[in-house]
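What follows is subunit A paired twice: with subunit B in the first complex and subunit C in the second.
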Partner chain A sequence: MALLERSEWYDIARATNWTPKYVTDSELFPDDMTGAKGVPMEKWEVYDEPYKTSYPEYVRIQREKDAGAYSVKAALERSQMFEDADPGWLSILKAHYGAIALGEYAAMSAEARMVRFGRAPGMRNMATFGMLDENRHAQLQLYFPHEHCKKDRQFDWAHKAYHSNEWGAIAARHTFDDLFMARSATDIAVMLTFAFETGFTNMQFLGLAADAAEAGDYTFSSLISSIQTDESRHAQIGGPALQVLISNGRKEEAQKLVDIAIARAWRIFGVLTGPAMDYYTPLTHRKQSFKEFMQEWIVGQFERSLIDLGLDLPWYWDQMVNEFDYQHHAYHLGVWFWRPTVWWNPAAGMTPDCRDWLEEKYPGWNDTFGKCWDVIIENLLAGKPELTVPETLPVVCNMSQLPICAVPGKGWNVKDHPLDYKGRTYHFNSEIDRWIFQQDPVRYRDHMTLVDRFLAGQIQPMNLMGALQYMSLAPGEIGDDAHKYAWVEQYRNNPYQRKAA
Partner chain B sequence: MALFPLISNFQNDFVLQLLPVDTENTMDEVAAAAAYHSVGRRVAAQPGKVVRVRRQGASDFIPRDKRLGETDIKPMECIEFIFADS
Partner chain C sequence: MNQPEILKPLKTWSHLASRRRKPSEYEIVSTNLHYTTDNPDAPFELDPNFAMARWFKQYRNASPLKHADWNAFRDPDEIVYRTYNMMQDGQETYLHGLFDQLSERGHDTMLERTWAGSLARLYTPSRYLFHSLQMASAYLCQMAPASTISNCAAYQAADSLRWLTHTAYRSKELSKTFGDIGLGTDERAYWEQDAAWQGFRELVEKALVAWDWGESFVAFSLVIRPAVEESVLRALGQSARHNGDTLLGMLTDAQLVDAQRHRRWAGALAKQCLETEGNREVMQQWIAKWEPLADAAVRAYCGVLPDAAGAGDAACKAGREFRQGLGL
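Our next item is the complex of A and B:
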């Protein structure tokens, strides 16, 4: 039987808006759930999805993709990747799986909300495939680490992290709840697909795919390349939704959603991707610094897509670009120092060669972050490892849920950004985090950071042991230096000499 | 005697830390408690200097023998700890 070309039937099949007879339109599509911001149904019908596919086409292509990823895994199962890889690489894998895998299930729920409450038929179509994509991503990224669980319990955190009160998991949940679990269909299109996926996931997935190939981990490289092909399709849901909002006089609302989403995404990538690229990846495998990556993908490319849509750069753009120089260095130092509280083994990335590289990529690094590492190295050389672990909590931001931190040493600029709101004082990492809170205080005000919970007596006993128990970090899971401090020996009787410029 | 949580922002350190102290503590004692979590861990000691205490945004230090309970510092206020000559 001859089949029609897709283009001959697609527009008719897509026209799935109708006028309800038994309920009102606002009962069927409540504004709270659609996020249509008063833009009526017919105005959404101009939404034209940039990527069109049919269900049979989708299934055929996805089957091929899955077959590809699973067969690479099967073929390499007896390879010695786990035994041969640099421990820093294994740490990247563990951090990635724990932070991402169940987040994909959350993204599936968000796509499902667009399927049901999207105002544009084309948006509902695309989101149907997006929903199936996210289900695939969650399952792949739970299945792939599973083979390592028997060798290393930290891999179990691929599934466990989101079910725990570990601080990184709290930060990821808080961010993803804000960007897509607790948002309307339109807001999800803008915040998850446009801002988060178009802007940032490229970086985690394309950047890591390249690093994985460099590190010889072809299983992971093919896995995340496969995922990224889905992302680059369903990330396009947001663009046409933004066009509808802007052409119907809702630019201000749209801009605010974009500004919030970019700011929150930047923090998560700063703590996850920043240390992976500039510290955990072995020096010989580094292609670009995190800052260079951010400048290429966020400033170079994403900035253009914002402008092309008729949006403005977020008000804090210059400040965020300025943070590319230091925020992830501070997060890395915090993660390494508080290493018993993470489910992976942070790689210090602190050999003399690494420091030369950091100085070259981030001039002034040795006079700032290097000053803290000098003290740490001194303690490790002197056989005082107890001084390289914490005895108190860092104060975490009431928005990002990450430690409030900035530049130490000669550039010392650490500062609290407090806000009094209805009898409670909130603490923020920057004006940007505080601004997000002020956009909708009712939304955020009741959340308790890890420090708030500690002070309220929810963490018992009130010491590191109690904190680790609260975070569900069992023995064999708590983090330690990825290379078992072997790198420290390079400094014995040989203090670091900065390379002459 | 009452447990009193502060936020420590120690000069040359990179992060704000929770600092449990007591209303009876003098500023010197509060400074010593803050130093415990920063100096010799991530901040190099500065022999001959004393660590002085000021509220975030203030330029003046609080007198060294003043007790925390005698100031109007609030719980979980961000306090700066600065190396000074005296």
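Our next item is the complex of A and C:
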């Protein structure tokens, strides 16, 4: 006899539920932390994770993966990536690291919640590896940007962003706290691993790895590919949890969690990934538009996994798909306009060729968003850059924490969706955001948006300088146009002519 | 003129830049990563008082265990994810080599049947105990007020799953030689009913619901884990050697390497706690609360271990010596 196959002993390692005697079951698994929706312990024991691994395999494979990722980094340490890359690519890196590194670390806490409070032993074991994975992802995505700190102060934000009140950081925290950090173990399985990781991050990381290779950043490409292999394993924690909920008559509760998670993930993707794909990435490197990407991965692939599990499409599906046409364009316009308030340099992505591409991918773009950019270009050409920066604050959505915005120009459809609740009026970007609030108002009730804080006098002095101080942004790290406005010169004495159809 | 200073690039994160030395990889990737401790009134960027926010405000922020700067904590071993895997892959390679080699030599067929019965009762049910340690460490991971503490707890949870995995493996392997004594099937019944385990079961069930992060740390890291390690690892390993079970003795020795590492960081954290006035009393109260249950668990278990006279006393004493070494 030699070593046993894993399959021979695997079930023993995940037979770890017992009936407590010295405390009650509901004390050991309090509902606030467990969120089992009334499904009793023994019903969870059919939970069967599709991707199985074990401790010795995990440490061996992860050791090998890390050897790969770190050796690529070491080998390319003296490469000229930083100096040679398009400034738009560096902006993608800065936005990514700042928005993701500490979010991954928060996901470690969420995985730990599943280890402690998950009702299925298989879930608790798999989440133990998931917890280690997220520890890895935080460490990798701090270690890799750290080498750029000495060249560019904005890279400090890989660590700093989540500790600040910068508006994007507030939006990221609100989203991720709601998706996983402040959720029960069962909700985390559904919202973080199934909805967010299977639906969004898995494919985001695939796309980002390809973009990085295209941009010549092989270090980042190998890093992101390596992270994605972990994600695709631990993302599978959610599927069997959903099966347990559905087969025990909890489809409605499960569906609601999925619907909330997808809606929240879509907004944060709209502001981070949308501008990166359709504006920051140099035109020659763009493989598909953000809309095409969403259509392929969210509508094409994720829709199928929802249906396969016996879930329905979220009630707002058509509306969300409709938003693929405009929401991220509106966010991009806002981020570029409010560029001193971000920790990266937004790339306008606004050459005449870019505009042709946008018109092709989003027919009507020039008549709507293009009109706003025409004014910006006019002011820049006239030597009035002060007219292209903000003096006021936008109305911010009480759910997404992002400006309430939509289509400008022809086809204007910007609309507040207010809600009066216990004496306070809340403002939402759409019916979807308002619906999320209505599902669990106490979870969101007394939170204040950045603009609420401003109006309440918490931000002093009440001007842009005061707001920047509140956001911990100072000259030397505040954002400006990624290409130092060089693109504007293409329009001097040469107004944009739309390409004939 | 009131122009703000223009910030220059720094050699490291701004929060580490004031120290006059190059940060280690450990510091770069491990320090100050919990953003939920930044605002004591609202752990999350959500309502400050919904149920989960209250949980963190009560059991983490309002813990009687106080320190002005939890983020100052450093793991004395400075373990990061990648070094953890390198280290533990090496340990697992060693152990699997041992499993393989001893299996080739027919190790289990040379064990006496009475000893096999002891293993079914006193060894293989330990996976429930190890799993409770895994759950407790995961609780500390999510509740600790500093990321450097959470990281130690995360790796410790994984080590506990490691021990559980060894037990599951050996349960199956032993069942191939001793197929009729409930190996791999009866562990839950032993864990829930056998007198040998009820002390530990009571101890961990009660301690798993000690929600205050500080109490959870003190109970598990300073009292329960040492009690488990001194009895279910060390004393069992010694008993095994007296019964021709070379493998189990070597296995528990290997697991105790993890335990020693856990005690190094737990000791460092305990010492940091003792820097703050008032913490000693708080910690001693918790120890006084959990020690009697731990002693009872150790004695119930060691009392039925074959060829282990005095093991209970020795295990209780070792736990106390660990705490005394920390000044507790």
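Everything that follows uses one rule, which is that the second predicted complex is superposed on the first by the 499 of 501 C-alpha atoms of A that agree within 3 Å, B and C clash if a C-alpha of one lies under 4 Å from a C-alpha of the other, contacts with A are read in each partner's own complex, and residues count from 1 in each chain.
The definition used in the following text is that a residue touches a chain if its C-beta (ideal position, glycine included) is under 8 Å from a C-beta of that chain, and two chains touch if they have at least 3 such contacts.
All values reported here derive from a predicted model rather than from experimental measurement.
Please indicate which partner A:E360 is in contact with in the superposed arrangement: first for subunit B, second for subunit C, both, or neither.
It touches nothing on subunit B or subunit C.
May I ask you to decide whether A:R60 touches subunit B, subunit C, both, or neither, giving the answer as first, second, both or neither?
In the superposition, A:R60 touches subunit C alone.
Quick one: is A:R116 in contact with subunit B, with subunit C, with both, or with neither? Answer first, second, both or neither.
Only subunit C is touched by A:R116; subunit B is not.
Mind working out whether A:P475 is in touch with subunit B, subunit C, both or neither, as first, second, both or neither?
Only subunit C; A:P475 stays clear of subunit B.
Does subunit B (first) or subunit C (second) touch A:L333, or do both, or does neither?
Only subunit B; A:L333 stays clear of subunit C.
Mind telling me which of the two, subunit B or subunit C, contacts the most residues of subunit A?
C
Could you say whether A:A15 touches subunit B, subunit C, both of them, or neither, answering first, second, both or neither?
After superposition on chain A, A:A15 lies in contact with subunit C alone.
Should A:D318 be classified as contacting the first partner (subunit B), the second (subunit C), both, or neither?
Neither partner.
In their shared complex, at which residues does subunit C touch subunit A?
4-15, 25, 28-30, 32-36, 38, 42-53, 55, 80-82, 84-86, 88-89, 92-93, 96, 99-100, 103-104, 127-128, 131, 134-136, 138-139, 141-142, 147, 150-151, 153-155, 157-158, 161-162, 164-165, 168-169, 171-173, 176, 184, 187-188, 191-192, 201-202, 205-206, 208-209
Along subunit A, where are the residues that touch subunit B in the complex?
Per the touch definition, subunit A meets subunit B at residues 330, 333-334, 337, 369, 371-372, 374-376, 379, 387-388, 390-395, 403-409, 412, 414-416, 418, 425, 427, 451, 454-455.
Hey, which residues of subunit B end up touching subunit A in the complex?
5, 7, 9, 11-20, 36-37, 40-44, 56, 74, 76-78
Given the complex with subunit C, which residues does subunit A contribute to the contact?
Answer in residue numbers: 1-4, 8-10, 12-13, 15-16, 18-23, 27-28, 32-33, 54-56, 59-60, 62-63, 66, 70, 102, 105-106, 108-110, 112-113, 115-116, 121, 124-125, 127-129, 131-132, 135-136, 138-139, 142-143, 146, 149-153, 155-156, 159-160, 162-163, 170, 173-174, 177-178, 181-184, 401, 442-447, 474-477.
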